[in-house]
Amino acid sequence: MAELKLKLKAPPQTPVEGEVLTPDNLAGRSLNEILNLETWRGNRRVKLSELFTVEGESASKPSDLHIIIEGDLRKVRHLGARMSAGKITVNGSVGTFVGFEMTGGTIVVNGDADAFVGMGMSGGVIEVNGNAGDAVGSGYWGTRCGMKGGLILVKGNVGTALGCWMKGGTIRVGGNADVFTGVRMQGGTIFVAGNVGAKLGAAMVDGKIVVLGNVPNILPSFHIDEIRPNTKVDGDKIEGPFYVFHGDITEGGNGKLFISVEKNPHLKHREAYIF
Amino acid sequence: MAKFTLLTGRSLTQGVGKEEGKFSERYIQEVSTCQIDPEDLKILNLKPGECVRLTTEYGSVVLRVAASTLVHRGCVFVPYGPYSNILIGTKTGGTGMPNFKGIPVEVEPAPGEAVPDIKELLVKTYGRVQ
Amino acid sequence: MEYLLKNGYVVDPVNKIDCERMDIAVKDGKIVESVDESKAKVIDVKNMLVMPGGVDLHSHIAGSKVNVGRLFRPEDHYKDYEVKSGVRRSGVGHSVPSTFTTGYRYAILGYTTVFEPATPPLKTLHTHDELNDIPIIDKACFPLFGNNWFVMEYIRDGKLEECAAYIAWLMRSIKGYAIKVVDPGGVEAWKWGITSQDFDQEIPRFGITPREIVRGLVKVNKMLGLPHPVHVHTNQLGIPGNYKTTLKTMDAVKDLATGDRSILHVTHVQFNAYGGVDYLSFSSHADDIADYVNKNPHVTIDIGQVIFGDTTTMTADGPFEYKLFNLLRGKWANADVEVETGAGVVPITYSRSNYVHAVMWCIGLELALLIKDPWRVFITTDHPNGGPFTEYPRVFSWLMSKKARERVLKRIPRLARVRTNLKDIDREYTFYELAISTRAATAKILGLSNKGHLGVGADADIAVYNINPKEVNPSADYKIVMQAFSRAYLTMKDGEIIVKDGEVVAAPVGRTYWVNAKAPKDVEDVVIPEVKKRFEEYYTVKFENYHIPESYLACSAPIQPLEPLG
Amino acid sequence: MKVVSAVVCPCCGNLCDDNEVYVEDNKIVKVRTECAVSSSKFLNYSKERNIKPLVRVESQLKPTTLEDAIERVARMLVEAEYPLLYGWSNTSCEAQKKGIELAEEVGGVIDNTTTVCHGPSILGVQDLGDPSCTLGEVKARADLIVYWGCNPSSAHPRHMKRYSALTKGRFRAPEQRKVVVVDVRKTPTARNATLFIQVKPNQDYELMAALKMLLQNEEIEEQEVAGVPVEQIDELAELMRSCEFGILFFGLGLTMSEGRDRNIDAAITLVRELNKWTKFAIMPMRGHYNVTGANQVLAWQTGYPYAVDFSRGYPRYEPGDTSAVDVLSRGYNDATLVVASDPVANLPKDAVKHLCSKPLAVIDPHMSITAYMADVVIPSAFVGIEAEGTAHRMDGVPLILKKVVEPPEGVLPDVQILDLILKRVRELKRGR
């Protein structure tokens, strides 16, 4: 893979649009051409050369290109938007909408990612090695459709509404997830190794959520099915035992919650409702 | 020190006072007073009119306390305004809206302290004011 | 400013001109006999098609329900946007475009007059505010009367003169243009949660039937001499078997007809021409409707063509939208308006592979093709209910080319093909017929004598399309037709060049028409105080604050009523 | 003495239009209204008034000319790469339109106070829809009125008397109506309710989920939900199911607590469910008198109701990122124009900190708290008192606000001030 190294000269004072920084846009261009590409900083058209130093070499095909970006990119938004192939590595923290509507390729963030990671994505992989913000794997407003495919991995914690309206693909979180994890979920799998906030799986109609840590409560619109010794996430066996709930019943839903029995003794009273 | 839940909201006096002016006595008095259930006040060993320090993960401020049976036990109500804002965070959960209600708050009597003057509070918090 | 459009092929049905090479002279916003060629700006439109500007009599472009559609569908807009540039403000499409974009996109299609067909009187200030923000085109709005308490009470009590006085007062108070009726009585029933109002069924708590409302309003329309017939959206819209209701509604006023003039315009009939008893036995009865229209000159219709793809349905027919929501289970907005009417909004994706949608697609075209007289059937998509108005060129191509229709027919479910007559229809519209249905006839039925033609004295609203009607055979080259109608080579509005080569180059303010309706003074003198008295019991606003001053309209164009009919 | 009747009150989303204002020597001397807030507004509006444009010189606000103030605001906006234009809920639709044009011209973000009141309601509506009606429908038909997380007695003082519980409508007398209040505290509104349900803070969502379960005759595997015994929830479900026309009014208790937009999602879903049983509608209790208008105007001109970003020359909508609190807390904006709002008094501390760290201009009739922090202050006329203009009631009914007295000399309405700024901005941009 050809490597193209971009280094942010200084953290921008106003938001910078990062959607130009994809292998799809940079492949097949010379360094000079890349430096002359334009993007937005606030309402100003600026050349990439104003924002970044660039070294390395581009590839002829997006799938052969690895873009490595260094610096404080917390005000860079839509990085990797609509990318279809290749790889982006960010060494630093990045702003909102990483991998917006991406269809393929890989984005690695060696730092934190702000809200809306992988919004509307349908394929590819996003790996965040720090924490991620709110609404990871959700969808554009009003679409009633979140992430449709692909994989999002977050090593640290995530914010609220993880996988909101999610329809397919997998999200794995190494740390904790805040409230409304899997809200309005319609398919796919969410795995949280840590704790989750309240309202887990609210209004979900399908899909699967596995939580190894603590769950403050289970919504009244879920019914308990059984206790299972283990379960699977994308073929990987996960040891339990787990309480299995289904719901959201008010939505006629058949989503499944797999909740660690060991970490949630306060749910014991629900066992009485197992047939 | 006791753990409470902070609720902020509108009150009629705040609404009326607002129309008189944001520096009117009525408005400032109202928005720098928190309301707590009388039973909770007893437990805290506070009398109406005394000062209390509220602290959340976002900030801390001293307010006057008033007794109100309309507030749930374990809750403290502060009308919207420059004082309550000190206690509110900017996390919007991806919605644009911070949590103004239902925030964990620590309440402790502040006998030696006074409610800060509005202008002092502003200068201290934000730097500039006329 | 004077212009001379030279050497175009002019299609101007009002003046019986069919693809004749001629020049059009324009001066001070009007078509004139001639201009001084040395002073005038000469535009060579050699071998191009020249038509009067398009006139759309039914397109939901402004008002509270349209804005509900905009507000709750960000996903409809975010990929279709217009960047601010030159004279153009920024904005968004797609099925519910923002106001500025609506004006530009109509102008690019060569349309210069568009009427909003449903405004709740109480929220008409909002409608006018939006109309003010739609640049270029002339427009108007039709207030809703079919579920209005005052109207229902006057008709119940047999007080038609009083009803006419009330409507005249309302029309001029809120600056409306025509009497619109949507699901008469059905919306009032829906306000109690009842979703099916039959034409001859009593309306809850009002003691009359929709039939009586429609008849009453047609009589009132004649008494007031309003320029447009009663514009009706019938009961049972969207429901299998509803073609009977449509025929009943048309026939209910047959005896009130005078001469050959239309007294009832039945709108978006595609949605009202269904057979069957459910969505499995769903079928087309376009032939029965067409047959009735062919034999009875007292009605006109527009088609409400369906376009496959995503769009937003919106109508004052709240109960219909509730039923649609129950089928789709997606988003649903409802907006009942006190005393007067309601509204519903539901997004939909019409799918070619869906049997019901495919039949709907056939029905619209069947209506347009089976009704013989293009002066009485108009092309609409009931924007955005059947599809966005930007898809008109596609509809034109289907009407002008059997080949274009067959391309689609091949790809719809076999059963839809079999259960409709479209495959057997050979008729293809000519440019002349198209010009009638989209300009000449619509202007006529709206009572706009200055529009829809290019005779001397007409408003210089002109559309020039880059297509040679003498050379292009639309039947075969339907794609060329579609392209040409998608981007006017030139659009002129009131003698000003608005669109040049598909780009908007000027964006003036268009007129808002309204009818300065009047009833006999002695009747109004009794009725208005009476309305005022009941007003505060019925409404939540003061009588005084209901009135919309003329100054609120960015460019007010009052129209005097015609001589009352019979 | 001049009496102006049918005056629309420019205070809250009720837009009561039956007030009488008595004017003598261009002064309001008396108001006939049933509302304490309204009366205070009309009688006190000129207190704490600043009628001179002000500019910050060496950390002090000093009077200046209107021309100078306009020049400074225009320059501030033209120089900014990402200006925020915030407020807009206490002014006319005409001013809002001008503000949108200005935001478009300077490539800024325009956001209204919706963002911190019913922004989450709009997000809920964008996912689920909006089964609603005008207030006159409630007056005519409602036999069940639910106030959830709102307190009209304080925030919308005449709401019950004019539009809901206590008014006589065509088909319904006050004694035929039942009122339910659901709140975390026993508000003044709750005192007069048929049924008061005290919900635990941040658990409205759970309560609504339980309600939906009971409406669908499903079993709940708990004894109580959100601090409410299941029997009491069942009582509420039964009331809702059996009414003839129900309305759910909701307020900031839902939009500002945990769940925010998802609470509204649940409330709308509940109302959708209830329509299987009866006729039921939902309506947000909008606070500022023309915040509804701000959403409407922005929606028809740009397609989006708030949080609109023009930085790329066309409207973009990404609430949670282009909404005011997020713009401020992420430190995106490098200048702010505040119109008819007081963010320093209303936004969280850290957002205000950023606001005050960048150039700040304020257009407001009052000397608001934000004005005290600003670099430039331009006083404006009060819409609905000193200037005419359109506003939209909480249910979308538009009304024309009247001008009852002249503004102080030299004080212009917002729309004119904004127009002057816009013109100057265009001149500056042409020269650039």
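A, B, C and D label the chains in the order they appear, each numbered from 1.
Going forward, a contact is a pair of C-beta atoms (placed from the backbone, for glycine too) under 8 Å apart; a residue touches a chain by one contact, two chains touch by 3 or more.
Everything numeric in this text was worked out from a predicted model, so none of it was measured.
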Pair joined by more contacting C-beta pairs (B-D or A-C): B-D
Closest chain to the centre of mass proxy, which here is the mean CA position: D
Distance from the mean Cα position of chain D to that of chain B, given in whole angstrom: 22
Distance between the centres, which are taken as Cα means, of chain C and chain A, whole angstrom: 46
Approximate Å spacing (C-alpha centroids) for the pair chain A, chain D: 33
Distance between the centres, which are taken as Cα means, of chain D and chain C, whole angstrom: 35
Residues of chain D whose C-beta touches two or more other chains: 123, 126-127, 202, 258, 310, 312-313, 317, 319-320
Residues of chain A whose C-beta touches two or more other chains: 115-116, 134-135, 141-142, 144, 161, 179
In chain C, residues with contacts to at least two other chains: 72-74, 76, 78, 330-331
Contact graph of the chains (line, ring, star, complete, other): other
Interchain contacts, given as pairs of chains that touch: A-B, A-C, A-D, B-D, C-D
Chain D residues within the chain A interface of the complex: 80-82, 106-108, 123, 126-127, 202-203, 205-206, 209-210, 212-213, 216, 218-222, 225, 258-259, 262, 265-266, 269, 273, 310-313, 317-321, 330-334
Interfacial residue positions of chain A with respect to chain C in the complex: 140-144
Interfacial residue positions of chain A with respect to chain D in the complex: 13-15, 17, 40-44, 74-75, 77, 95-97, 114-116, 134-135, 141-142, 144, 161, 165, 179-180, 183-184, 198-199, 202-203, 217, 219-221, 223-224, 248-251, 270, 273
Residues of chain C defined as touching chain D within the complex: 62, 64, 66-68, 70-74, 76-78, 81-85, 89-92, 96-100, 122-123, 125-126, 129-130, 133, 149, 190-193, 205, 322, 325, 330-339, 342, 345-346, 537-542, 544-545, 549, 552
Residue ranges of chain B touching chain A (in the complex, touch as defined): 91-94
